[in-house]
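All chains are identified by letter, namely A, B, C and D, in their written order; residue positions are counted from 1 within each chain.
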């Protein structure tokens, strides 16, 4: 009753009869024909345009998140599209809903660890200090019996080629700083502590966590990058489903086999 | 029981220990550092890389779909994030679910009309023939008492500046063909038939429908382009909500006012 | 700017320190311990309590919608739960999103046809008049080359036992009126017109459409009944998935087979 | 490649031309006309029919979860329905997605604490032992600086009348056992430890956690009960939105105010 009202305010976008502004830019002259979709995503999230270097690295990060083949999310999207082809948005939404802790949580976790460890630290923090932080992080994860996010991969061994490429692009474009060093230090510390030399390299998730931190993107939005990338991939799966349908066959096989102990 | 099994087959992506392939390309060398997110979306949907011209036009189309300010979808995303901040994917999914017939259906409808009208027609179909098709389309919509998709706008008058810019970019890049001409012919036919000269120009939706048809994208995937663009925008709204929250205030005001006839 | 504000108003529920009211009733004394979940759904949708007869019939209608075995929705829910077990709500939402035109649209379509045909008609409309309406409905569907909603079933032949049971319960409880007669008349008309005697009985969907119309529920909410019933079933599938997981196996098989033409 | 296949198996439901079985029961004779929707939910989740007492208590638990007035979920559902009225399932799904840690997580947390504390304990565990367990739980939550789930309420003071009613119904129906006692012990321990006598009673969430534990329902499905109940409520909000629309007004006000610092 006596609640104090706060004013609603947003700077995302605004338009009238002749003007359309997005984040303070003119949509027609500043964005269309100039910005690619990844750059626009950077603008939306960070509130400013990326530099040319940031554009390359940010688009490469998103590229690693687009297409992971026939994941549970992709199958869920295809099955949902089978039932509701008139609501393509629902099929994509269904797929996105599978991006939880199991598949998308580690990027968030890794970015959080990096950002919390380096909060308030200078950009030129020395390598030995970073290794001390890395050791502490590994020690804490082990004490809490939690996996160390951002390192190792069940399939991509001995290195995750996406991480290698991301770090390479970051170095080429002058975006490899303290977060990258700390992430690599975590890998070194984990291999030493767990006595698994060469077996726990930084994976794609860890590299994305490090680079998004270099770009100043909050760990709270890490999952948002995954959602953006994967949406592109899920629309791609619907495009393929239109040409070569899978969903009906998966459904029929599953239905038949799962009740065959009753139906004989 | 005697159902014939068909083989499940997909060419979206595939990987082993050292290789990661997407649509037949190598993720690390062919995509990362080379393709922007819009180009990757084109690859996913069309199964081939865009040309430089297609890249510009396709990214510009997506750009018109990213940010429409404080839409119902954006508000739904923010309210959902308020309740489930740990599941950012759910908040984006909630927003996407509002992209139905009211807000996203017309692009689909316009693209379908264009593609069905020109199915099997040669690329060099003559202007007079296109105008006959346009007249027929307008006549049919009127007979069915349905709105003519892709023309007119309640706010952007007398022209929708996004459509102007999209047609300009398409012309510059050699991608303005029979679909663009037909869409413009529909506007002309509608203005003449409804006696509203200069009041029913092609809108952003109609321009996107025409250009996606020029790029060979099926009308069934029109809504997919909207979903891709809007996902970027919804993640942007979450980024702003983290800095300047709105959702709690909207909730409290709505709850208070809507029950004030009871609570007094 | 000069937009006129309308007042936000809702009578769904309201509470203060000691009272909790729902639709004008006291939650603790009028609802808890007295109403079952189906009755509460009736109250929410219709704004009044069901009679004892309405309660039986309405709960039976919902019961037909709960569990249809291993549907695409159930599989999508299980796959989503695999990826995001911490967000059970997302897994259920993913399953619900498959309830589109293919699986849930016909109940809506059948209810709409019945309600539009009988709008303004007296409850004691004579049988011959109803048969004329039924003939007209069948004729219109055929002319529009649309399936006649609510009749026939690919598996449940010659009759759909759920429809039989629903009509039986409605008759027993005095809830079988003009909508039931019209629905049955549509079946008769279709069998005569298409020369398929005994092959196009009213199916479960048609019976639900007829009974929800008898109960005064708008066709616009038909899909809502399906959503309520199916939510119960999807939570049931998650309960089973916790005990006997399927999703991981479906994923692995699908991933392996769909890329086997590449991986060999 | 050499992955071992496990057989897909489900006992949820199955049908052929004349029979429809759900969880081993005949849908037409055992369920329709006999089970209300809450009982059916119990069958789906627990794999057996509830007793008459369990039916009353379980339906009362669900009843507390249906309608909480104009919540963020309800507003999100209405806004989504505004954009996609043809996909009612999407509007309900959007609302469900807001049932995250903020609004639904505490029931899960409370049930987990109760079930883990009493795992393997006999049903006749003595009151003093239960109070020791309660003290330990409160101590651990405080040490971890986490809120104690299931006690206290910002509005319903000094007691949450729903909890009072749920405990009353459980006692009447012989379903008040060790979990109820432990939950009440947690309240006592918290009030003593935090020196807030009479201020931290068990709330509705805590009572539901205790009663679902008495019924043998895993804490992993606690959120499922909330999802079932709230789905009913969200369909109710759509029913009201059809009669007295709010969403358009909320949208327009929010859009206007949030950009008024730019538009003037």
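Keep this in mind: contacts are C-beta pairs under 8 Å (C-beta built on N, C-alpha and C of every residue); 3 or more make two chains touch, one makes a residue touch a chain.
Computed from a predicted structure; not experimentally measured.
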The chains touching both chain A and chain C are B, D
Examine where the copies chain A and chain B touch and state whether the two sides share over half of their residue numbers (same) or under half (different). same
For the pair chain B and chain D, the C-alpha centroid-to-centroid distance in angstrom is 38
Cα centroid separation between chain C and chain D, in whole Å? 23
Could you put a whole-Å number on the gap between the CA centroids of chain A and chain D? 31
Would you pick out the residues of chain A that each touch at least 2 other chains? 8-11, 14, 16, 69-70, 84-87, 89-90, 93-94, 97, 99-100, 246, 250, 254, 258-259
Interface with chain A, chain C side, in the complex: residues 69-73, 75-76, 79-80, 82-87, 90-91, 93-95, 97-103, 246-247, 250-251, 254-255, 258-259
Residue numbers on chain C that touch chain B, as the complex places them: 7-11, 14, 16, 21, 84, 86-87, 89-90, 93, 97, 254, 257-259, 261-263
So, in the complex, the side of chain D touching chain C is made of residues 1, 3, 5-6, 8-20, 22-23, 27-28, 31-33, 35-41, 43-47, 55-56, 59-60, 62-64, 66-70, 74, 85, 87-90, 92-94, 96-97, 99-100, 104, 155-157, 161-162, 164-166, 169, 218, 220-221, 223-229, 231-233, 235-240, 242, 244, 246, 249-250, 252-253, 256
